[in-house]
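Each of the next two complexes has chain A plus one more chain, namely chain B in the first and chain C in the second.
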Partner chain A sequence: MVDLLEYAVRGIPTGCVFALLAVGLVLTYKTSGVFNLAFAAQAYTSAAVFYVLRKEQEWPLFWSAFIAIVIVGPALGLLLERVLFRHLRGAGSLAKMVTSLGLLIAIPEVVKLFFGSDAKSNPPPLWYVRRTDEWLWPQGSKFVLDAGQVTTIVSTLVVVVGLTVLFRYTNLGLRMRAVVESPRLAELNGVNAERVSMASWMLSSMMAGLAGVLVAPLFASLNPIDLFTLLVAALAATVVGGLSSIPLTFFGAIGLGMLQAVLAGSLPTNSVLATGLRPGLPFLVLFALLIFRPGLRSNSETADPLATVDPPLPVPVAVSRPRWMSISSRTVGVVATIFGLLVSWFLLDGFWLAIVISGVVLAVIMLSLTVVTGIGGMLSLAQAALAAIGAFTTAQVVTATGLPVLVAMLIGAAVAAACGALLAIPVVRLDGVYLALATLAFALMFESILVPLSWVSGGSVPLAVPRPVIGPWDLADDRYFLLFAALCLTVIALAVIRVRQGTTGRFLQAIQSSPTAANSIGISGGRSRIIAFTLAAGIAGFGGGLLASFAGRANYQASFPYVVGLVWVALVISAGARSIQAAVFSGIMFFLLPATLNRVFSWPENYLEAHQQAPEWMQNLLGLVQPNWALPVSFILFGIGAFTYAKHPEGIIEARTNSSVTALLRWTERRKAKVDASSSVDAPQVSA
Partner chain B sequence: MTPTTDSTEHPNEQPAPLLQASGISKRFAGLMALADVSIQVGAGETVAVIGPNGAGKSTLFNCLSGVLRADRGTVTFDGQRLESLGPTQRSRLGIARTFQRIELFGGMTVRDHLMVAERARSGRGGLWSDLFRSSKPTEEEYARCQAVLDLLGLDDVEDRSADSLSLGKGRLVELGRALMCEPRLLFLDEPSSGLDRNETEEMSLALETVQREHGTAVVLIEHDVPMVQRLATRIYVLDYGSLIASGNTMDVLEDEVVRAAYLGVAT
Partner chain C sequence: MRSRILVSAIFVSLLAAACSNSSSEGTTTTSAAKGGDSSATQVAVTAPGVTADEIRVGGVASTTNPLGGKYGESFDGVQAYFAMVNSEGGIYGRDLTLASERDDQLSNNDAEVQGLLEQDNVFAALPMTTLLFTGSDRLVQSGIPTFGWTINPEWQGTTEVPKLNLFGQAGSYLCLGCEQPQVAYVAKISDSHKIGVLAYNVPQSTECAEGWEKTFDIYGEEADAEVVFSDKSLSYGITDLSVQVSKMKDAGVDMVVTCMDTNAVVALGKELKKQAVEAIQFLPNGYDQAFLDEFGDLFEGSYAWTSFAPFETTPQPKGLKNYLKWMEATDGRIGENSLVGWLNADLFVTGLQKAGPNFDQQKVVSSINELTDYNADGLLSSIDWSNEHNKRGETTCGAVLIVKDSEFVPVTIAKGKPFSCFALNTGVLTTTAQ
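Up next is the complex of A and B:
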């Protein structure tokens, strides 16, 4: 008992770390209505600035901290507000979340371009010592705190008290909340929404900066993914506070820290429970809280009373365009696909062929996002985990039973679908943002608890998955594999189209556009959404098995980490969640863009090598370009793509198609009018 | 009047009402939205619920159709207790409704609205038939859709997206969607609000036809007194969440208390 109490007290510093992140996130949500996943990226930015100034440039503590937290933090917030979130105020909370997902992906890569992508090890604490353990207090006591813990605890208390006062007693706090509820109503009541919103973003961004600098020393090196994982761990606390109460969030975070410490201390050290559960615990708690906390199920999004001022969503092109255009565009699609396959077959070398195949296989997984997000209206961040389940099952079945790979892949798809159904049953009752968070929690539970187990992943060495052999065709030849993958993609794409146009798709569309009306005619939201989720999980699982078979191994770290899954989501949503072309496009782009950019960015180096006597200015200029820019730049582009979601929720590809269809129709009409005018004298004049 | 009630009806006995709600109470935080309200609706009957804005009429509808759960009270429909059932299950029993603030499915055509409701009622179609059979409407479904389109005069806009229609047409689409569920009881929440005189006339005509042909019972929230007089045989009057009067239409409309509360005539 005494031991437990001791462990609990030891958990307080960790709890304060959770509290700092959770409170910052709640602050952003309260003041901007954005569930800001990019909070971790903002924290990373300030932490990186602090690292460079304090450790590399050896600036004094005060000025490093001042620049990183008070200047860079708010400046970044201001920038994001001015160029991005200001235009998103009327958008739904999911649109804002997707945008922040894009930022989460893009910002750290920009930072890395600035400060170099080499490892930043041993981040310094926000204290006058260089390492957290150089300063301990109280010396010799049972509960010793290091510099990092003391600064975190003090800052957390100051922040929690300060923000509580701000929201409870000040005019600014009230205005911030009013602007989130309805910016237009707030403006009609004489609140300058723009200024309030700017202030909100600067404040919350400063919080992110503070959190980033304080939390960074917890890790051996500074890394945006670690910060984000920690942020997700802290999310459980935000759910305790219902995304609005700062004191409740604080206590939730402290409780979480204590629970983790107690479990760490009391579980046997070498059991599966200890190694798996301890890192996975916050995600487990998050998931459980989302499922069981009352009040999250009902409609959480407060509707802006003036929302009807906004124009309605455009009608899908597939519905609005005339029949002849649908037929011709389909023909063009088929011809382009065949052409692409012929080019890949005859012209591409091994490297580029592998890129194309990976893209086609990934497109299958992207189609699972089309089903769950585009048709089902649920933002699932767990598709990478479900794909991994398919891959692992395929590998285990092949290894254990020696069944043909194709059969194993189908078993993998079935197992993934079953897992998807199990996940869907509790999750589909949740609304928008909460559903996304629950799937994210699932992905992280899977990654931290299940993936290390050998009966899941096969242990530290990834399991081998052979290529299928179908009759006379051995798919070990990449070209045959390409044809096979393209065939799978086509079949699944056709199935997805049938679902979208069929009764299931219509029911889901009805539920998304008016849940009350859909219920009133007897459509059960839960049932249709579970079906969509399960189908999507099955598709993801099949895609995962296919990817493993192509790569030769079911390698989690290389193909399926949850962060990679987030990039997939950002990509496919910005391209168009409902459209098949968008899924194929984003699948191929995910591999093709980095590879292409790598070639582009390698060109200066190769050029200089070939032309040793190039003028010096040219050598200096071209020497700046690094081939390893390829990945950061592609991720930045993928991230920026997600920003368009709020403006074009139907996706870039759909929006472009729509505008070109409109232009084409106008052109044909004008031509027709001209012909009519010239053929008959008394035809009415058509104004342009 | 309807085949369902004919079998149970005895000539000299009051038939059991189709819907019997007693003692319905609903509280929103500090506000008593409904206090001990009881109403009953016979099969094939048209009943109006009137009262000033904020009297709790829509809340009553929401409690009866299952969108909200009443704090207290019992609801019996055709001999079956409804309190524990959600809106979906109540709809399958034969209760349909329209909404005060119009609720259409964005991006769907008028015909799609009806077809979705038809499929939801019949339970035809599902993932399996989407994937491996045709999800196209059968001839029978098509004919049923067409009948409702004709009845409501919507056949000239059947391929238009429902968002693009006027409010009046939109209300007719909502009514059509509800009718596709073959309801035995229909809740209409202010069907004439936002409609001009012609459209109101069209709506009344359609409702009369529906009642004549299908014997559907209708409960109507309505401010338009001529429409109420024309359609409803009985009226319930709500004010501040309580039932202040009920009875035959003409009697209630001439009642002093009602005129004071609702029609604003000084007593």
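Up next is the complex of A and C:
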């Protein structure tokens, strides 16, 4: 018992780290309505500024901290509010979360372009020492704290008390919450919604800056992925607080830290339970809370009472355009696909062919997002994990039974669909952010508990997955594999269209448009959503098997980490969650854009090598461009793509298609009117 | 509905009957060369990437992957080595050119390998220093001489697929779960008796830790050391090891061996200091002076292990002198990454020279695989390449270093011999100097 108490006490500093991050997330959600996954990216920005000022420029502690936390943090918040989130005030949680995903992807890459991507070793603490362990207190005690822990504990307590007071006892806190619920109603009551919203974002961003500077010294070097990993571990605490209560979030975080430490101390090391439970504990807790906490299931988002004055979303192009245009458009689509395949077959070399095939295969997985998010209206962050389930099953079936890989892929799809159904049953009862968090928790549990098991992933060497041979065609040839992948994509796309147009699709559309009206006419939301989720999981599983077969191995780290899955989601939703073209576009762009940019950014270097007598100004100018910008710039563009979701929730591809169709219709109408007018002038006069 | 299911079932059955799996055999495309003369005069060679003036090579390194791995400095090592060779007239009258430096971005290794093979017109692939090595199968099938950093299990061959054209910087066999007698040796010389083992719950890390445990099972008695605490269930990204350190303190641990990244090793060092645990660490991946500049005091008295002659070696072997001289001349950063590139280039050039002036890819591969005592001019201990692809040798060699005043100090058995070698499969902790 004494030991357990000791372990629990040891967990308190970690609990405070969780609390700092979780309270920051809750603050942002309370004051802006955004479940801000980009909190980690904002924290990274301030931590990077602090690093440069304090360590590289050797500024005094106070001024380094002041600039990083009090100036840069709020300035970033202000920028985000002015440029992005002010346009999203009335938007749903999905739109806001997708935008924050875009920021999570883009911000660290922008910061790296400014401050360099080299490792920033030993981030300095927010204290007058070079490293956190250089100041220990109380010396000689059993429970010694270092400078980082002391500053974190003190800061967390101050923040929790301060924010509790702000929301409970001040006018500003009340106004902040009012503006989130309905900016227009708040304005009708004399609240300057713009100013309050700006203040909210500046405050939450300052909080992110503080968290970043305090948490960064926990790591040997400054890396945005580390901060995000810590943030997702703290998510459970935000759910304890119901995304609204600061004190409950704080206690939830402390409890999580203590529970982790107690399990680390009390479970027999290396036992099955310890190996399975401990690494996945924060995600298990998160998932369990989301599923079993009664309040959350009925905790639908508070709708803006004035939301009904908003114009409705544009009607999908596929519905609005005339029949002749649909037929023409599909014909153009078929011709373009055949043309693309011919170009790939005859003109592309192995490298570009591999890029295209990877894109086509990824497009299959993206179609699963079309089903679950576009048709089902549920933001799933678990599609990469479900794809991995398909890939692992394919690999294990082929290895263990020697069955043809195509059959194994179908079994993989079935297993993924079954897992999707099991996940869907509890998850579909949740809404918006909670559903997204539950799927993220599933992905994280899968990664931390199941992927390390050799009977799942195959151990340290990824399992081999061969290419199929269909009759006389050996798909070991990339060109044949491209045709096969394109065929799979086409069949699945047609199936998705059938689902969209069928009963399930229409039920889901009705539920999204008006859940109450849909329920009143007997449409069961739960059943339709489970079907959509299961189908999407099956598609993702098949895509995963296909990807593994193309790559030759079911390699989780190379293809399916949850972080990569987040990029997929941001990409496909910003392109158009309901659109087949958007899924195909996103899949191909994910691979094609970095590869193309690499060639573009390599050109100046190659040019200068070939033209060593080039004028100095040209050498200086072209010398600025670096080939290694390709991936960061791609990520920035992917992130910026997600920003457009605010303006075009139907997706940028759908929006562009819509405007093109509208322009074309206007043009044809004008032309028709002109023809009619001229024909009436030219028509022979009939004399009376 | 039932008929649809039936049709689907028949379709799947037919598919199963019609389908099979593609074999993993690929075609090897190497240009045939004529003659067998190994004189230094130029002979017309028909091989990819070879012209009358140059021999082109290209590599893939993880440079911008946001998930980790910054190995771009390996290109600098190759460039420095080629600068040295070219300053002496090149090979067979041809300059060596590092024609392409590819970044495998977000785990896009396979496609970049494909590009290297098809777009870059290169004779050999080097350096191949990547976080993930998904293009390994493609390189094996192509038969191209490939040189890189053995940090991925894909480098290692098997009896069925020996991967004879893949050459790691110090051998290709990477046995994560095997015993490592050098750890027992370090326990012995540091007078450590109670060992703690820490690892993440990811397969590579866990297997590595099992190797440490096996080591003390075999050599523990002789080294008078035993594993008294082991935790292989740590989650990746862990920042708090207070409970583990507390338990190790209670168990009297005086040496900790880990299979974790720098973040966790530093977190462990800080926690050991906080709880005043007098334990050293064994750092299998910690040989980096920049790391010690930041965290050296946390690792005072700890030991590191390298597979190459450390930069602090005195007297410096010829290979090390050349490396330091040419890295300075080409403004490269001295460190493990660039040294890997240098070693890759050295082995490649050694293979070229041994293959003779009418070389081709297959001849270079075969020539290297005939080397039974390769040591990169003293930078490595002796490597028997006829044996290094798919099985472990009879000894394992490397350099032992101790951290003193935040600097690495070589620990040698005999003066002037940087490497300590340990006999394997004997069950006895036998050490020899090399």
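Quick note on the criterion: the second predicted complex is superposed on the first by the 675 of 688 C-alpha atoms of A that agree within 3 Å, B and C clash if a C-alpha of one lies under 4 Å from a C-alpha of the other, contacts with A are read in each partner's own complex, and residues count from 1 in each chain.
By definition in this document, a residue touches a chain if its C-beta (ideal position, glycine included) is under 8 Å from a C-beta of that chain, and two chains touch if they have at least 3 such contacts.
Values in this document were obtained by computation on a predicted structure and should not be read as measured data.
Under the clash rule set out above, the superposition-derived model of chain A with chain B and chain C shows the two partners fitting side by side. In the superposition on chain A, contact of A:615 is made with neither chain B nor chain C. Once the two complexes are laid over each other on the shared chain, residue contacts for A:294 go to neither chain B nor chain C. In the superposition on chain A, contact is made by A:136 with chain C only, not with chain B. The three-chain arrangement built by superposing both structures on chain A places chain B and chain C 150° apart around the Cα centre of chain A, to the nearest 10.
Looking at the superposition, the partner that touches the larger set of chain A residues, chain B or chain C, turns out to be C.
Within the superposed three-chain model, A:190 lies out of touch with both chain B and chain C [touch as defined at top]. Shared-chain residue A:461: touches chain C; no touch with chain B. When the shared chain is aligned, chain C comes close enough to touch A:354, but chain B does not.
Legend: residue contacts after superposition of the two complexes on their common chain; A:502 is shown touching chain B, with no touch to chain C. The gap separating chain B from chain C at its narrowest, counted between C-alpha atoms of the superposed chains, is 6 angstrom. The touching residues of chain B, counted against chain A in their complex, run 65-67, 86-88, 91-92, 96-97, 99, 103-109, 112, 115-117, 119-121, 124-127, 129-131, 135, 161, 163, 174, 177-178, 180-181.
Residues of chain A touching chain B in their complex: 312-313, 315-316, 319, 495, 498-499, 501-507, 509-510, 513-514, 516-524, 531, 535. Contacts from chain A toward chain C in the complex involve residues 6-7, 10-11, 13-14, 17, 108-109, 117-119, 121-122, 131-133, 136, 140, 144, 146, 218-221, 223-226, 229-230, 233, 257, 260-261, 264-265, 269-270, 274-275, 278-280, 349-351, 354-355, 358, 398, 402-407, 410, 448, 451-452, 454, 457, 459-461, 464, 466-471, 474-476, 551-553, 555, 557-559, 561, 563-564, 591, 594-595, 598, 627-628, 630-632, 635. Listed in rising order, the residues of chain C touching chain A in the complex are 12, 15-16, 18-24, 26, 63-68, 70, 72, 103, 105-112, 114-115, 117-119, 132, 134, 137-138, 153-154, 176, 201-204, 206-207, 229-237, 239-240, 242-244, 246-247, 262-263, 265-267, 270, 273-276, 290-291, 294-295, 298.
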